[in-house]
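Next up: some structures, all given as C-alpha cells.
What follows is chain A paired twice: with chain B in the first complex and chain C in the second.
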Partner chain A sequence: MKFKTFIAFVGPSLFMMMLFIAFPLVSVFTQSFYNVQPEFEQVEVETCTPGFPTQTCVTEVKSRPVMDENGNIKTTTHFVGLQAYRDVLEFDRVGAAIRNGSWSQLMTIDFWKALRFTLTFTLFTLPLVIGVGLAIALAVNNAARSLRGPVIFISLLPFIITPVIGSLSIYWLFVGDGILTAALERWLDKDIAMFAQAWTIELLMLFYRVWHVAPFAFVIFYAGLQTVNQDTLESAIIDGANRLERLRYVIVPHLMPLIIFIAIIHLMDSYRVFEEVVGFRSQSHVISLQWLTYDFLVPDDSGNRAISRASASAMLTMIGIVILLILPLRRTWRDHKGSH
Partner chain B sequence: MSTPKAMRQSLGLRLGSAGFLAFWCLIAAFPIFWITVMSFKSPVDAFATNPLEVIFGPRTRAGGDGLSIIDIVLGLLVLWWSGKFAMGRLPEMVARFTQPGTVLLGWIIAVVGFAVAFIVLFFAILPVVLSGLNAIAGPLGNPILGLTTVHYQSVWVENEFYRNFINSLIVTTGVVTVSLTVGTLAGYGLARSGSNLAFWLLILALIFRALPHSVLVAGYLPVFINSSEILRPIFGDAAPTLYGQPYAVIAVLVAINQPFTIWMLRSFFHNIPTELDEAARVDGCSHFQAFRRVIMPVMWPGVITTGLFSFLLGYNDFLVTSLLLDAQNQTMVPAIAGYFNRETTTTDQVEAIAAAVSITAPLFLLVMVFQRQIVSGLTAGAVKG
Partner chain C sequence: MKLRNLALAGAVAVTGTGVWAECAFENEIEVKMLSAGFEAWKAVADAMAECGNFEAELDQEFRTKQPAAFAASPSLYHLGGVSNGTITPLLNEGTIRPLDDLVAEYGQDLSPNQLIRIDGKIMAIAMMVNTQHLQYRADILKDLGLEVPQTWDEVMAAAEKIQEAGVVDYPLGATLKSGWNLAQDFVNMFYGYGGSFVDDSNNPTINNEAGINALETMKAMTPYLDPEYLVSDSTYVQQQFQQGKIAMANLWASRAAAADIEGESQVVGLVETAAAPLATADGPPATTIWWDGIVVAANISDEEAVAAFKLIVEGLDEEMVSANNEAAIWLVPGYEPGRFATGAIETLSAQPSPPAYPSTTAMGLMHTALGNGISDYLTGAKDAETALADIEAAYITSAKEAGLITE
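So, the complex of A and B:
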C-alpha cells in the first residue's frame, strides 16, 4: 500500500487521536505549571444605617472579583513552576510523618493514600482475576455441552454491567442492614458495619473488581483451552502425568501468552480504578489516583475547579502508567525487531 | 465416542467442578437478581433483613399491589412465548420478506414492530384480562407475591429519567456511528500495511489506551469551558461553548475509544484474505473501490462486534460524561449519582435502585441477543493479537 493511500485510510482516526488525546496531554503538562486565579481588588465601601441623632456609617475594605466588560470575572495566569506538584505531593507533611515514623500519619495525605490504595488494589486483584478466570474456564470446559451456553450467558452479566451500577448493586447488598450484612451478623453473632472502616470497603472493592473482570479472563482462557494440543495431553498421560501435572506442564504453558495478555490489560485497567470509589461512596475512607484528579476537577463550594492541581496529579498518575508499560513495550519492540 | 479411561474423571472431581460452577453462577447473577427484586418492593420490604420477606413482600402485598398464581403463570407463559417467537420465528420472517440489500431495514422494522406488539400485549391487554380472571378465580386469584411498579413510575415520569435516557441514546448512537466509520478505515489501512509506520501507530494507540481518562479530561475542561473565546477568531460570534454539549462528548468518547477500536478491527481485517482485495485491484479497482466493493460486504461480523464494545464504552461511561455535560444534558449513569447524593429516605434509595435496574435492562437484552458476538470479540483481540 502506498504511503498516500495509507494516510488517507488512517488519517481521520489519527487526527482524532491527536486532537483529543495527544493535544490534551500537552495542555495538561503546561497547565500543571500555571495557576489561574480570579483577580480581586480592594474597595472601600461605606455602609450607612439610620440612627439617632446621625446615621451610623461604617467604612470597610472589601475585596471583590474584578469584572471585565462582559461581566465575567477577570482571571490572571501565573507561572508557578512546580508549586502545583508540591501542593499535591505535600513533601513537608511526608517528611514530618517519616520523622515520626508514623504510617498512619502518612496515610492522611491524599496523594499517598490514593497511591497506596491504587497499587495494593492492582497487585491483589491481578492473581485473583487470573486464578478465578482459569478455574471457571476449566470447570466450564468440564461441564456438559448443553450447559455451556447458559453458563457463559450468566458469566457475561457481571462483565457487561455498567461499573458504577455493578459496584452499587454490591453496595446495596451490604449497606446498613442489607441482606448480606444481616446474614453475616446472624452467623458471627456480632454487629457489623461494612462501610465504617477502610479495610472492609477495600475488601468489597476487591471482590467487586474480581467479580467484574473474571468473566473476561474466563472467556479468553476458555477459547484458549479449545486449542490445547490433544496429542501432547495424551503423551503426558502415557508418561504418567497426573491431572495436576498435566495442568501445570501442558495446559498452563499453552495458555501463557493469554495469561500475559490478560495481565497487561488488567494492570492498565485496574491502575485506573475509579468507579468503585463512586459506587461504594468510599471517598472519606479510600480514594484512588484517578479519583483524586476527578475530585480536583469537580467544582468546589465556591464554583472553582482546581485545574492546576488536577493537572499535576494527572501528570503524576501518568508516570505510574509509563513505568507499568515499559516492560510489555520493550517485549513488543524486541518481537518486532526479531520478526524483521 | 467414549472417553479413554485415563481421561475419565473421578466422581469427586466431577462433583467439585460442577459445584464450583454452580457457585460461580450464583455469585455472578445474585447481586443483579437481588437489586431487580428489591426495585419492585415497598421500601420496608426491600430493606428487610429476612430474605423471604424481600422476595414475597408481605407489606407490599398489604398495600394492595401483588400478583396471584394466575398472574404469574400467565405472565411467564407470555414472556416465554414471546422470547421463543423473537428467537425463532422473527428471523425466519425477516429472511422471507427481505431482499439481500434491505436486510438491515427489515430487521429494524421487525424489532420495532415486535417491541410495540409486546408492550401492547404485556402492559395493556394482559392486565385487563388478568384482573377479570382474578375476580372469578376465587382463592387462586388472591395475590401471593408483593410487587409494585410505583418506584419505576416515580423515576421515569416524575423525575423525568426519560430525558437522561434520550441523552444516553444520543451519545451512544453518536459514539458508535462515528467511531465505527473512522475506525474501519484505519483498521483496514493498518491491517493491509506492513510498514514500520503502521507498527508505531499501533504502539502509540496501545499507550493511549492505557491513559487514565481523568488525565485527558483535565486537559479538555479548561479548553471546553472557554472554547467560545478561544474559537472566536475562527468562527466569529457563532463560536460555541463546548462544555455541556453532547456532540463534544461524542467526539471525546470516540477519540478515547479509537485505540481499542482500531486494534480490534485490525485483527478482524487480518482474517479477511488479502487475495480478495488483490483480485479487485487486478480488475482495476483503486484501494478505496476495493474497500467499498469487496471488503465492506464481508466485514460486517467484525464491525458489529466492535460496535457492541463501542456501545458499551459510551453507555457505561461515568467520568467523562459527568465532568463534561451540564445538568440538562446529563446521561443516565451520571444522573444516578444525583439520586444517591440526595438519598435520605428509604423511598429515595429504592428509587435509585429502580433507576439502576432501568440502566441494566438494555445491557441484559444486549447480552441475550449478541452473546456470540461478544464472546468472539473478546477472544479476537487476545488469541490472534
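So, the complex of A and C:
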C-alpha cells in the first residue's frame, strides 16, 4: 500500500485517538503535578435562617473565596511536584504500619486497602471468567443444533445488562430480607446479613462479575471452537485420546491466542472495578482504586473536589494496569515474532 | 410506591399544561427550575406550573449539576431549589442574585421567617424546614410500659427492653449508610455533645471528648440495629418502619408521613414523633436544622428574574400549602402542623436549640472526611481516638489541597 493511501485510511482514527485518548491522558498527567487553589478571605458573616417562632441569626467567621473584577473566583496554580501522589500513597502511614508489623493497620489506609481488593478481585475473577466461559462454550458446542440458538441467547443475557443496574439488582436480591437472603435463611435456618461484613460482600462481587463477564468469554471461545481443525480432532480420537486429552492437547492450544486476548481485556476491565462498590454501597467495608478516584472527583455539598489527587490516583491506576498487562503482552509479542 | 421511587431516582419533568386554572396571573416568559425531587418540591413545581411557561427538573442529583448550570451565561435555569447544605457553592461563585428589591416589590405575602439573609442580603426564599426527630411506635412503647425517651441513654434503655420483649426484628433504625448519611449522624451527635468542627483558621477540632462521646454513642446503638446498618439510608429506615421491623429511629422529619401511607405501610396510625433525643441532659437535641428554599440565578435578564420571582410567590402560596399540608413542615403562612410535625416542632423550639447545619467550604471537606472515616471505628478496625485523628489528618490533607489551610 502506498504511504499516502495508508495515511488516508488511518488518519481519521489516529486523529480520534489523539483527541480522545492521548490528549486527555496528557492533561490528567499534567494536572496531577499542579494544584489550582482559590484565594480565600476570612470574613464575618451574619446568616439568618428560619426558626420557631422567629428567625435565628448567627454571626460566624467564614472563609470565602475572593472574586476578581470579572466576578470569577480568583485562583492560583502551583506546581506541587509529587505532592498529590504522596497524599494518595501516604507512605508515612504505610511506614508506621510496617514498623508495627500490622497488616490490619495497613488495611485502614485508603489506597492500599483499595489496591488489596482490586488485585484480589482481578486475579480471582480472571481464571473463573476464562473457565466458566470455556465451559459454556464447550457445552453449547456439544448441544443439539436445535437448542443452540436459545441457549446462546440466554447465556448472553447477563452481558447486555448495564453493570450498575446489574449490581443494584444483586444488591436488592440480597439486602435485608431480600428474596435470596430470605430463601437462604429458611434453608440454613439462621439469620444472614450479606452486607454486614467484608467477606460476604466481596464474595457477592466476585460472583456478580463472573456472572456478568463470562458470556463475553463464551462468545469469543464459541467462535474459536468453530475453527478447530476437525482432522486433527479425528486423528486424536483414532490415537485414543479421551475427551479431556483432546481438550488439553488440541482445543486449548488452538484457543490460546483467544485466552490471552480475553485475559488482557479482563485484566484491564476488572482492575477498574467500580460499579460493584457503588451498587453494593460497600464503601465501609470494601473500596476499589477506581472508586477512590471517583471519590476525589465528586464534589461535596460545598463544591470542593480534589482534582490533583484524583489525577494522581487515575495515573496510579493506569500504571497498575500497565504492570498487570506486561506478562500477557510479552507472551503475545513473542508469539507474534515467532510466527514470522 | 415502585413507580414513585423510579421517578425519584431519575429526573422528572413537570411541564405546564397550559391550563392556568388557579394561577393569579399568566406567565409569559419561559422559566426553568432545577431542584431536588421529593414530595414537597413536586407540590411547589406543580403550583408554579399552573401559571404556564414553566418547566421544572426534579432531580436528586441536583447538587452536582447546579453549580455548573448556574455558572453558565446565560444560566441554564432561572430558579434553583437549594438547602442550607447546598447553597454554598452558588454563594461562593456569585451565581445567585440578591432578592431584596424583588421581595420589596412582589413579596408582600412571604413571611419574614422565609427570607434567608446572608451578610444582610436576602439570598433565598425558604419554603420548609427539616430536621431529625425521634420517630417511634407508640403501640410498642405503651404495651411495654415505656416512656417516650428524651435522651440517648433513655433510647438505649428502651431499646434494651424492646429487644428483650422481642416484638420487632430490631429495636432501632438509623441512617448510617457510609458517606454522607454516616457523617450527618456524627454531625448531629457531635453538636449534641457541644462540639464544633473547625476553629477560626479552619483547623479541625474533633479529636476531643465531644468527638469520642459522639462516636461511642453511635457505637452503642449498633447492637440494636439491623447488622447491615452501614448500607441503610433514609429510604431504607423509612421502609423498615413501614414494614414494622423497627420500633424507634432518629429520622428526618420529612420521612414521617410515609408511615401513614395506606397500602404501603403496615403500621398506619401507630407511629408518633417526639423531639430528637438529647445527648447530654442540659444540651440541645442532637440534631441540626435544615431549610429548603428557592434561589434566583444571577446570569439572567432582570425581566426573567421578575417573572421567576413571581412564580416563587405563586408556588409558595397558601393554596399550595393547604393542598399539600402533610408533605413538609412548611414555613409558608397557612400551614397547619399535623400529627407528624409534633417531633420536628418540639425539636426546633427546644432550649437550647439545635444549630442550623453550617454550610461552609471547610464543612464540606469535613463532611466527606467523616463519611469516609467513621466506619473504620464502627467495624472495629480502629479505636475512637485513632479514627478521629485519621479523620482530622484526611481533612487537613484536603484542606491544604483546597487552599483553606496554609502551612
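By definition in this document, the second predicted complex is superposed on the first by the 290 of 340 C-alpha atoms of A that agree within 3 Å, B and C clash if a C-alpha of one lies under 4 Å from a C-alpha of the other, contacts with A are read in each partner's own complex, and residues count from 1 in each chain.
Methods note: a contact is a pair of C-beta atoms (placed from the backbone, for glycine too) under 8 Å apart; a residue touches a chain by one contact, two chains touch by 3 or more.
Remember, predicted model here, so these are calculated numbers, not experimental data.
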| item | value |
| --- | --- |
| Which superposed partner A:Leu258 touches (first chain B, second chain C, both, neither) | first |
| Which superposed partner A:Arg64 touches (first chain B, second chain C, both, neither) | second |
| Contacts of A:Leu297 with chain B and chain C, given as first, second, both or neither | first |
| Partner contacting more residues of chain A (chain B vs chain C) | B |
| Which superposed partner A:Phe274 touches (first chain B, second chain C, both, neither) | first |
| Partner chain(s) touched by A:Glu46 [first = chain B, second = chain C, both, neither] | second |
| Which superposed partner A:Gly176 touches (first chain B, second chain C, both, neither) | both |
| Touched partner set for A:Ile237, first chain B, second chain C, both or neither | first |
| First, second, both or neither for A:Leu126, with chain B first and chain C second | neither |
| Chain B versus chain C as contact partner of A:Ala96, first or second or both or neither | neither |
| Those residues of chain A which chain B touches in one complex and chain C touches in the other | 176, 281, 298 |
| Complex contacts: residues of chain B adjacent to chain A | 4, 6-7, 9, 13-14, 17-18, 20-21, 24-25, 27-29, 31-32, 34-35, 38, 47, 49, 51, 54, 181-183, 185-186, 188-190, 192-193, 195, 197-199, 201, 203-223, 251-252, 254-256, 258-259, 262, 287-288, 291, 312, 315-316, 318-319, 323, 333, 336-337, 340, 349, 352-353, 356, 359-360, 363-364, 366-368, 371, 374-375, 378-379, 382-383, 385 |
| Interfacial residue positions of chain C with respect to chain A in the complex | 63-64, 67, 84-86, 88-89, 92-94, 112-120, 126, 129, 177-179, 182, 200-202, 226-231, 236, 240, 289, 291, 331, 345, 348-349, 353, 355-356, 358-365, 367-368, 372, 375-376, 378-379, 381-382, 390, 397-398, 401-404 |
| Footprint of chain B on chain A - complex, ascending | 1, 3, 5-6, 8-10, 12-14, 16-17, 19-28, 31, 36, 135-136, 138-140, 142-143, 147, 149, 151-158, 160-166, 168-170, 172-173, 176-179, 182-183, 211, 215-216, 219-220, 223-224, 227, 234, 237, 243, 258, 261-262, 268, 271-272, 274-275, 278, 281, 289-291, 293-294, 296-298, 305, 307, 310-311, 314-315, 317-318, 321, 324-325, 329, 332, 336 |
| Sites on chain A touched by chain C in the complex | 35, 37-40, 42-43, 45-58, 60-65, 67, 71, 73, 76, 84, 87, 104, 107-108, 110, 175-176, 193-196, 280-285, 295, 298-304, 306, 308-309 |
